[in-house]
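Look at the two complexes coming up: subunit A is in both, with subunit B in one and subunit C in the other.
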Partner chain A sequence: MTSTDVAPIAEPSRGGFFGADLRFLGLTALGLAIFPFALHLIGGYGGLATQILIVSIATIGFNVLLGYAGILSYGQAMFYGGGGYLAAILLIHAMPNHPNLWLAVLGATLMTTVLAIVVGAVSVRLYGIYFALLTLAFAQMVFFIVEQARDWTGGDDGLQSFPTPLLPIGPWNVDLQTPLPSLALGPFGNLGDLKLWYVFAAVVLVLVLWFVRSLTRSQFGEVLDAIRENEERSVFVGFNAAAYRLAAFAISGALTGFSGALKALYDGTVSVDSVGIERSGSFVIYAVVGGVQTLFGPLVGTAIIMYLENVLSGVISYWQLVEGVIFVLAVVFLPNGIVGTILKRRRARTMLVNAVRVK
Partner chain B sequence: MELLIQALLNGLVRGLIYVAIAVGLTIVFGTLRLVNFAHGAFYAIGAYVGLVVAQHFGLVPAFVAAPIAVALFAIALDRLVLRYFYDKGPTLQILITFGIALVVEETIRLIFGGTTQQYPMPPGLAQAATTVGPITYPTYQLLFAVGVIVMLLLVWWFIRGTTYGLVVRAGVRDRIMVQLLGGNVQLASTIVFALGAAIAGLVGAAASPIYSLDPDMGFNFLVPSFVVVVVGGLGSFWGAVLGGLLIGELQAITTLVFPPAADVVIYVCMALILLLRPQGLLGESEVIRQS
Partner chain C sequence: MEPILRTTKLGKSFGHFAANADIDFAVQPGELRAVIGPNGAGKTTFFNLIAGTIPATSGTITFNGRDITRIGGSHRVHLGIAKAFQTANLYPDQTVLQNCRLAALAHLQGAFSFQVFRRSTRHARIDEIARRSLERLDLHGVAELRCGDLSHGDKKRLDIAIALATEPVILLLDEPVAGMSRDEARKTETLVRKLASEMTVLIIEHDMDLIMGISDSITVLHQGRVLATGTPAEIRENAAVQEAYLGGHTAEELHA
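Now for the complex of A and B:
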């Protein structure tokens, strides 16, 4: 193939018509509306659905890195736990009297994004094991700071009982802990089991999915694909690979910090585990089981593993062994993950990716 | 002064464990191009096999059984799973070996429970201490250090002084040419993989009387050992030795000065090395891009 006659920027495969986006949003919203009731049918409780939605945002952020940029970060917990702690600290110290959920979450997200840019700026020139270990190193430094700065973080005890943040929407201050109206749905549970938090998390998740979908279909996503497939040629074509990877790392840090902040506010607590090495590993497991390089894979993987953890940990003491076995089987037999395998058809390669690929 | 020397001896013992694990990691990477996150699991399996054998037959049989059992496990793992991942690139290798390490850790937890365990030690050896001048130090630790050093020298001789080692080293440079010349690269590679695992298993069994056993021990020693490999230079034998001693001593001195920072200091050290000299202290720069 002659790559010279291929324009550097192939025909953009953008989101298509506004109608296509609308259909995507509608179907996703419908799925998320059914999800908690389906989950109840198989034994998950109402709060689990909300937690899955919130945590899956971090997995989606991780997938931007591993799936689309093709780099394995082993330090996502610094953003996840960092976002949680920052949101809690903002609530406690900056707005004890008027706890505002937007300000706390977006403030924390902004700060984790800055952290991601700083860490990314020194890390993205490394590859493979070096990148994984350097991100791990930074995460361990964040862990150390969190553990030592007891006045701010509570040290090993973590932070509890921070002010319940309210969500200002127009003239109302909404308390997301408010349960939905009671409505018995037989084996599907009760609408009243859910709090407003679920609605909020679902809306936020749909927006995040839409954002990542648009991102991966944009020219940015195309270049990221090309760099992942063959960095050397992409650089020859004229793209600054390090800058693109840094951008992916920053987006990933932002989404992960956002998720961690929401989770801390939903739980009302934040603990040192959230910045620990095992937390970083959990996003790897969620994403790989669900399917990297797919939009819904991270959500599916997070849901399956968190559901199993929730259901199995009460029944058998070795659910973590089950989790490990699932992970190994997924890597060996379903390298595209559950969603990737179901979809079978990989995303059509764009001309840019074809141009840089090695036959 | 005595405190400092005690700390340095502690650092030496811990550093030698890192060296032993890191040497396995680094020769496996050097020969098979495999980034093995399951290497810490070899260390843990060696410790627990050693524990069971020691409980029934005593220490010396434990130190014989542990490396053999771990080497057999490693060969099975390599033939059944890992060989399909040799050419899959580091990311997938990290994922699969991370998963295997998780499964091993949880299996140990299932069999032995999550609590820490102590080795049955002959009472004479458990309390024995050697005094040199003002310094008193447990005899077992000193024997351990000498044993590990002897073992490392034997490994070095194996790689540098035997035909197997020659085939392995040549195979890294040009696998096909070595095979054309009649060298069995596959066999040599398998031997190296089993050897690296056996070293980790033996040291796991031998170090466990010093540090207690728990299911997390594999990861707890693996991650610092990876730090050691990176600091020393991936693929470099003497880099692993230098890095291991450096990291062990750094941790020991930090423990003396500011204990809470003992864990984080090695990551700071690694981050600085990666940023200033990414190929590591004694590494070759060519490995960076490939991995």
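Now for the complex of A and C:
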């Protein structure tokens, strides 16, 4: 991992909110508006596009940890699955008559954030493999609890049915299952294939990307970079490295729990797989394939692997072997991930162009 | 005058090996104190105990009248204890200025600050302190260079500049001229002398010319214990020091 892929932090701010930020928000929103139709062109479907957007939020949360704080958590499923179960449990037990999506999702997110702070307080003083193993151990404990607490979680069956939550916006109670108006778009599918869920997920994802983008350029991100690059020096200029890592872990736990909660409500089910070790591993794969330390890498990695998984698993039965091969190839040939490699090439070309211009 | 830094019966053992033992040590505000001793005398261990890099196994450290024995390293920086490393310890991929900016940022914003939306560039003071630190070490000309590309001497001076950007009360310099050419060493000496007029400085150094020339007083460590403390002239004449430090060589050789 090199730090050359990080947005240069010392550079002066350009444009402020109404300049660079507005352009960023606009372009990202445009990209997400095109995405489901491009996906349809290559055999995807509207539901897959929605799922990719939701799950990528967890990968983005994981990247805050691996890419920016420089620590590998192998227990992200405890937040992802935890968020899903907590949102479902909140709907079933706390608001059976007035299922409110905001309350379920934000309540679950808050609780996974607290879980992350507790787990992080124990773990962030450890490094490398010890940190990874400790987070894995915590995740396995959560898995065990979920499996055993049948009355609340349904045990191995998971939770199959819970109230469909509505999204109150102002005076309206929006049902996100509502399809968009039917509009045939030829090879790009039909606008009506998408539900309001997609619009909601896209808006949420844009906000998450904007948040992480600000974070990496903020003073907090600057210190995270410094601690990742040289922890000893950072401590002896006066930074509390463990506190910064704990904060990154909490942010990651919040984003991952948020993603898991949304996914559970979108699916209408939560399964015990969502807190399993394979789920934890999947975020590692998504992020590494897409490119850690990049803003869009986690989204791209999640999209590519989930797309292949959905398309290939219908055709071949050994999809997981293929996934493993893709991961190995990415690590060996694209150590900066797909987005990281593109950014690096572009930067190299810009430098070359500038060098030629100087001559 | 009340000493700014005092250690009482300070000790550090690694297993059965006592790297430091029973160190009673006091520095007056504004003093430039050298800590010398043969290799393995425990000088760097002593510095690490004061900076909080490692915890003491016995005794106490008092700074500004406050017991800091159990306080961690990052916290001590905020109390005013800064350390420059024996081997320049930098952020190699960042610019020279950014190295100092990070230290100034820590100094102004504290050990932890959850500023996830605001950029540090909004605090003009950070840049101001960082640039002034660079100027004091004569590094302002290379402020925009990537610090991994600096010469050895500039790297060592940058390490001191980083420590300065935390605006310390007491500055610990661990072999500031080690590995420098004669010219670089003299230049650094002049800069250190200037710093010493503004703050308390503790210095470990093997360059006897430098030590004898700039120190107000010298503490000699030998086998982890204080052997002698005194002015350069007193230390030069001290028979026990000559015996331990030089293995019987003459004072002229120590001076040379």
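Going forward, the second predicted complex is superposed on the first by the 327 of 359 C-alpha atoms of A that agree within 3 Å, B and C clash if a C-alpha of one lies under 4 Å from a C-alpha of the other, contacts with A are read in each partner's own complex, and residues count from 1 in each chain.
Rule of thumb we're sticking to: contacts are C-beta pairs under 8 Å (C-beta built on N, C-alpha and C of every residue); 3 or more make two chains touch, one makes a residue touch a chain.
What you see is a predicted model, and the numbers here were worked out from it, not measured in a lab.
Visitor: Regarding the shared-chain residue A:Leu106, is it in contact with subunit B (first), subunit C (second), both, or neither?
Guide: neither
Visitor: Contact-wise, after the overlay, does A:Leu72 reach subunit B, subunit C, both or neither (first, second, both, neither)?
Guide: Once the two structures are laid over each other on A, A:Leu72 reaches subunit B alone.
Visitor: When the two structures are overlaid on chain A, which partner does A:Ala247 contact: first (subunit B), second (subunit C), both, or neither?
Guide: After superposition on chain A, A:Ala247 lies in contact with subunit C alone.
Visitor: Applying the touch criterion given at the start, work out whether A:Phe220 contacts subunit B, subunit C, both or neither, answering first, second, both or neither.
Guide: Only subunit C; A:Phe220 stays clear of subunit B.
Visitor: Check whether A:Ile117 is in contact with subunit B, with subunit C, with both or with neither, and answer first, second, both or neither.
Guide: neither
Visitor: Taking the superposition as given, does A:Glu147 touch the first partner, subunit B, the second, subunit C, both, or neither?
Guide: first
Visitor: Answer with first, second, both or neither: which of subunit B and subunit C does A:Pro335 touch in the superposed model?
Guide: Only subunit B is touched by A:Pro335; subunit C is not.
Visitor: May I ask you to decide whether A:Ile277 touches subunit B, subunit C, both, or neither, giving the answer as first, second, both or neither?
Guide: The first partner, subunit B, only.
Visitor: Once the two structures are superposed, pull the subunit A residues common to the subunit B and subunit C interfaces.
Guide: none
Visitor: Which of the residues in subunit B end up touching subunit A in this complex?
Guide: Against subunit A, the touching part of subunit B is residues 35, 81, 84, 89-92, 94-96, 98-100, 102-103, 105-107, 109-110, 219, 223, 226-227, 230, 234, 260-261, 263-264, 267-268, 270-271, 274-275, 278, 288-291.
Visitor: Taking the complex as given, what residues does subunit C use to touch subunit A?
Guide: By the definition above, subunit C touches subunit A via 51, 53, 73-75, 77-78, 82-83, 85, 89-95, 97-98, 101-103, 105-107, 109-121, 162-163, 165-166.
Visitor: Which of the residues in subunit A end up touching subunit C in this complex?
Guide: 3-4, 9-10, 12-13, 211, 214-215, 217-223, 226, 229-230, 232-241, 243-244, 247, 251
Visitor: Note which residues of subunit A are touching subunit B in the complex, please.
Guide: So the residues of subunit A touching subunit B come out as 66, 70-72, 122, 126-130, 132-134, 136-138, 140-141, 143-144, 147-148, 277, 281, 284, 288, 317-318, 320-321, 323-325, 327-328, 331-332, 335.
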